[in-house]
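Two complexes follow with chain A in common, the first pairing it with chain B and the second with chain C.
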Partner chain A sequence: MELRAFYQEHYRAILGTVSVLAFIVIWESLLTFVIPLNPFFFTKPSLIAVAFKEQVIHGALWRDLAVSSRAFLWGFSLAILFGIPIGAFMGWRKRAEYTLDPFLTALYASPLVALAPLMIVVFGVGLLAKAMLVFLLSVFPFIFNTFAGVRSTDRLLINVVRSFGGKEKDLYLKVIFPSTLPYIAAGARIALGRGLVGIIVGEFYAASEGIGFAISRFGDTYKLPEMFAGILVLMIGAVVMTEGMRKLEALLAPWKMSQESQ
Partner chain B sequence: MPPFIQSRNISVIFKPKNREPVTALNDFNLEVAKGEFVSIVGPSGCGKSTFLNILLGLIKPDTGETQLNGEAITGPSQERAMVFQEFGLLPWRTVTANVELGLELKGIAAAQRAERASELIKLVGLSGFQNHYPHELSGGMKQRVGLARALATEPDVLLMDEPFAALDAQTRDLMQAELLQIWEQSKKTVLFVTHSIEEAAYLSDRVIVMTARPGRTKEILQIHLPRPRDYEMRLTPEFNDIKATIWNTLKAELTARSEYGA
Partner chain C sequence: MNRLVNFYNEREHYLLGWGFILILMLAWETLPRLVALPRGLTLFFTTPTRVVEAFYHLIVENKIQHHLYVSSIEFLFGLALAIGVGLPLGLIAGRSKIIDAMVDPYVTVLNATPRLIFLPLFILWFGIGMWSKVVIVFIGAVFPLLINTQEGVKNVDQVLVNVVRSFGANEWQVMKTVVLPNSVPYIIAGLRLAIGRAVLGVVVGEFFGASEGLGYMIASAATNYKVDVVFVGVAIFMGLSLALTLWVKKLETRLSRWRPEDTKAF
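== the complex of A and B ==
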C-alpha cells in the first residue's frame, strides 16, 4: 500500500512523466518496428538525441542560442520599458486611453508577424530588425495588462491610504503599483510566447545565424534530427522562461498566487 | 467651551451622471463630547456612512461644517482614523506592514514603527500572526488588523463604519467585547455606524437614530447602562427595553424607505 500512498502524493508528476515517456517510446517504436523510416521526411527520438548531443558538444548551437537570445532580450526589455509606462498612463488618464485605444486594439488583434518583411527592409538583416519584431509582438501584453491592473485598483484601498494622509505619490507607490504587479507578471508570460514567435519568424525570414535560422537551414537540407534538436532547444528555453516567470510572479505577488491555488 | 466634535447644517447631494441628484444628508447636526461612544443607526442609504466619510475628510459636504476641537475639518488627518466594513487591508502587506501604514505615511522611523505595530498587534490579540498576509486570516482577524491599524497613529477620534457587519455572529460578539475593553482603556471618541440595534445599544453612550433619506437626526437616545458592560447585560429586561425604544423610533423610517422599493 506504500506504493499507492506514494502515487497519491505525487500523481501529478507521475502522470506527466509517464505520458511524455510513453509519447517518446511510441514514436520511437513506430518508426523502428512498424513504419520504415524515411530520413528525408521524418525522424525519431534516438536520432534527435544523437544530433542534440552532437550539437551541444561540437555544433553551432551555443552561438545560435546566444545570437537569438541577444535579439530577444533587447526586444523584450524595450517592450517592458515602453509597455508598462504606456499602460499605466492609459490607466490613469481616461483621455490617453480613448486616444490610444483604437491603434493599440487594432495592432494587438492583428498578426504582427506580417510586419517582419517591413522590419527587415527598414532595419536590415540582423539584430536590430529581430529585436524590433520581438518588441512589436511583446509590447502589447505589457500595455494592456498594465492598463487593466491600474484600472482595477480597488477604490477602497485608495481611500484607505488617503484617509491616513497619503498623497498622490503614496497612492501610486503603495496601492496602484503593487496591485498592478501581478497583472504585469501575467502579461509578461503572454509577451514571452509572442516574443519567441517574433524571434523565430525574424530568423526564418532573413538571417545568417540564430536558432530560427538553424531550424530553417536544417529543414531545407533535410537534416531532420538536427532540425528537431533546434526545436527542442527552443522548447526547453520557452518552458524554462515561462516557469521562471511563474516563480517571479509568486515572488512578486504571494497573496495572488495562494488565492489562485485555493 | 465648544463640544469636541460639532457638525452643523451638513448637507450632501450626490449628482450621479445621467441620473437624478440624490440628497444623502440634509441639514444634519451632531455634537459629540470627548471620549464619548456614539452610534448612528438608520435605514440603508440614510447617509450615515457618508457622514463618517465627511468626518474622515474624504467627502466635502455641500453645506455646513464640522469642527473637531474647534478646528474645521478640511481633509484627512491622522487625528481621525477609520475602521472600514470591508477591512481595506493591503493584500500585499503582512499584518505588521498593514498596521504600520499610517505611521509610514507620517514618516515615523522604521524601528519605532515596528515597536508600535507589535504593541498594537498584541493589544488586538494577533501575536504570532505578524508575518501573515490578509488572505491567510479569518474575517475577525482581518478586522483586528483594521482596528490595530486605526489605533496605530493614536487618533483622537475612531470612526467605525459597520466594522463587524461582515463577521459571523459569534465573532461579532467577541469583537464588540474587545472593542469596549480597548475603548475603556484608551478613552478615544468613537463614532460607530451600524445596522444592528443590539450592537448600538450594547456599545454606546448615545444612539443617534436617523431618518430615511435625506438623512437627518430623528432622535438621540441616551443609553443608561452602567460601565464596564458585559455580555450578561444583554439578557436583562432593561436592555430589551432599550432595544425596543430604538426599534420603535427606527421602525417608521424603515417602512418609509420601503415605499420607494429600497
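== the complex of A and C ==
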C-alpha cells in the first residue's frame, strides 16, 4: 500500500527514469546481441561512456568548452548591454516604439543566422565573429521582452510614485525595473537558446577550436563515441543553463510561473 | 498646415515605422557616395541597388531557381514530417499521464539543446544530399509543435470533456469535438515557432556539406566575396519568413473565428 502511495507521488520521476534506462538498455543490447555494430556508422552507450570519461578526465573537451564559453559570454553580455536599454526606451517612449518596432520585428522574424558566412568572412575565424553572431541572434529577445515588460508596468504604481513626489530616477529604479525583471529573465532563456545556435553555427562553419568544432571534427573522422560524448556535454550544459534560467524566473516572479512569452 | 498635422497624427505609427526603414535604406545606399570607404571595407560592402541588380541577374540567368526549389522541398518535407509526428504525439502525451511522464525527459533535454548540434551526425547517416537537411528541419520543428499541442490538450476545459463523455462519447469523439478545437490556438502558436526553426534548419543544413540550396548559395557567395549575392539570399529568407509568419497569423484568426473574443487571448 505504501509502495502505491510512493508511486502516486513520484510517478513522473519514476516513469521518466524507467523510460530513459529502458532506452539505454535496449540500445546497448540491440547492438551487442542482435545487430553487429558498424563503428563507422553507429555506436553504443558503453562506448560513449568510455569516451565521455576519457574526454572529461583528460580534458581535451574542457579547453574547447572554455573557448566556446568565452565567445558566448562576450556576445551574450553585449546583447544584454544593448538589448535592455533599447527595449526600455521603446517601451517608455511611444514614438521610439513606432519608429523602431517594424524594423526590429522584421529582423527578429528573419533567420539572421544566414549572415553567418558573411560575418566569418568579415570578422575572421575566431572569437570576434562568433561573439558577433551570438550578439546578433540573442539581442532581440532582450529588446522585445524588456519592451513588453516596460509596457505592462502598472500605471497606477507610476502615478503613486509621481504623487509622492518621486523623480524620473525613482520611477525607473522603484517601479519599472522591478516589474520588468521577470520579463527580462524570460527573454534571457530564449536568448540563451539562440545564442547557442550562434556559437554552434559559427564553430561548424569555420573554427579551429570550440565545442562545435570538436563535435564536427569527431564526425568527420568517424570517431562516433567521442562525438556523442561531445553532444552529451553540450546537452548537459544547455539543460543546466535553461533550468537555471527557469529557476531565476521563478525567483524573480513567483506569481507568473509557466506563462510563456514568445 | 493644420491638415498636414492631422494627417501626420493619424498615421504617425506607419509614417515613423516605414520612414525609419526608408531612411536606413537611403543611408545605406548613399554612404559610399558621400564618404570614401577604406579599401578593406569596400570589399565587403554592397548597396541595396546592387543587391537588387544581383537578384535580377540571378533570375534572368536562371541561377537561383534551382536553389530555391531545393530549399523549398527540404523545408516542406521536414515541416510536414514534423507536423505528422509532433501533432499526434502531442495529442497522446496530453491525454495520457503515463506517456507524458515517459516522454518528458527526452522532450525537456532535446528542447533545451540546440538541435543543430546533430547536424554532423545526420550528415554521417544520411549523406550530404537532401535527406540530412530534411531530418535536421524535422528535428528542429517537431518539438515546438509537440510541446504546444500537449499544452493545448492539457488546458482543455474538463467540464466540456465530462459533458461529452456523459452523452456517451468515446475517446476519439472526445478528441474530435472538444480537445482538438480547443487546442487549435496552441497548435498554431507551435506552428509559428516550428516554421522559424524549420527555416533555421534549412539555412544551416545547407551551409555544410551541400551542393545546392539557398544556404549553399549564401555560403559559397560569402567565400567568393560576392556580398550582394549573400544579401539576395538573406533577403529571400527574410521575405519568406515574414510571409509565412503573416500567413500563420491569418490562419490563426480564421481558425478561431468561432471563439468568443475574451477567450482568444491566452
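As a working rule, the second predicted complex is superposed on the first by the 249 of 262 C-alpha atoms of A that agree within 3 Å, B and C clash if a C-alpha of one lies under 4 Å from a C-alpha of the other, contacts with A are read in each partner's own complex, and residues count from 1 in each chain.
The criterion applied here is as follows: a residue touches a chain if its C-beta (ideal position, glycine included) is under 8 Å from a C-beta of that chain, and two chains touch if they have at least 3 such contacts.
The structure displayed is predicted, hence computed values, not measured ones.
Asks: Classify the contacts of A:V113 with the two partner chains as first (chain B alone), second (chain C alone), both, or neither.
Replies: After superposition on chain A, A:V113 lies in contact with chain C alone.
Asks: For A:M235, decide between first (touching chain B), second (touching chain C), both and neither.
Replies: So A:M235 only meets chain C here.
Asks: Does chain B (first) or chain C (second) touch A:R162, or do both, or does neither?
Replies: A:R162 contacts chain B only, not chain C.
Asks: Does chain B (first) or chain C (second) touch A:M227, or do both, or does neither?
Replies: second
Asks: Which chain makes contact with more of the residues of chain A, chain B or else chain C?
Replies: Of chain B and chain C, more residues of chain A lie in contact with C.
Asks: What residues on chain A does chain C touch that chain B touches too?
Replies: none
Asks: Residue numbers of chain C touching chain A in their complex, please.
Replies: 12-13, 16-21, 24, 44, 97-98, 101-106, 108-109, 112-114, 116-121, 123-125, 196, 199-200, 203-204, 207-208, 215, 218-219, 221-223, 225, 227, 230, 233-234, 237-238, 241-242, 245
Asks: Mind pulling up the chain A residues that touch chain B in the complex?
Replies: 156-157, 159-166, 170, 174-175, 178-179, 181, 253-256, 258-259
Asks: Can you name the residues of chain A that touch chain C in the complex?
Replies: 11-12, 14-20, 41, 95, 98-103, 106, 109-111, 113-118, 120-122, 193, 196-197, 200-201, 204-205, 212, 215-216, 218-220, 222, 224, 227, 231, 234-235, 238-239, 241-243
Asks: What residues on chain B touch chain A, complex-wise?
Replies: Listed in rising order, the residues of chain B that touch chain A are 56-58, 76-78, 81-82, 84, 86, 88, 90-92, 101-102, 105-106, 133-136, 153.
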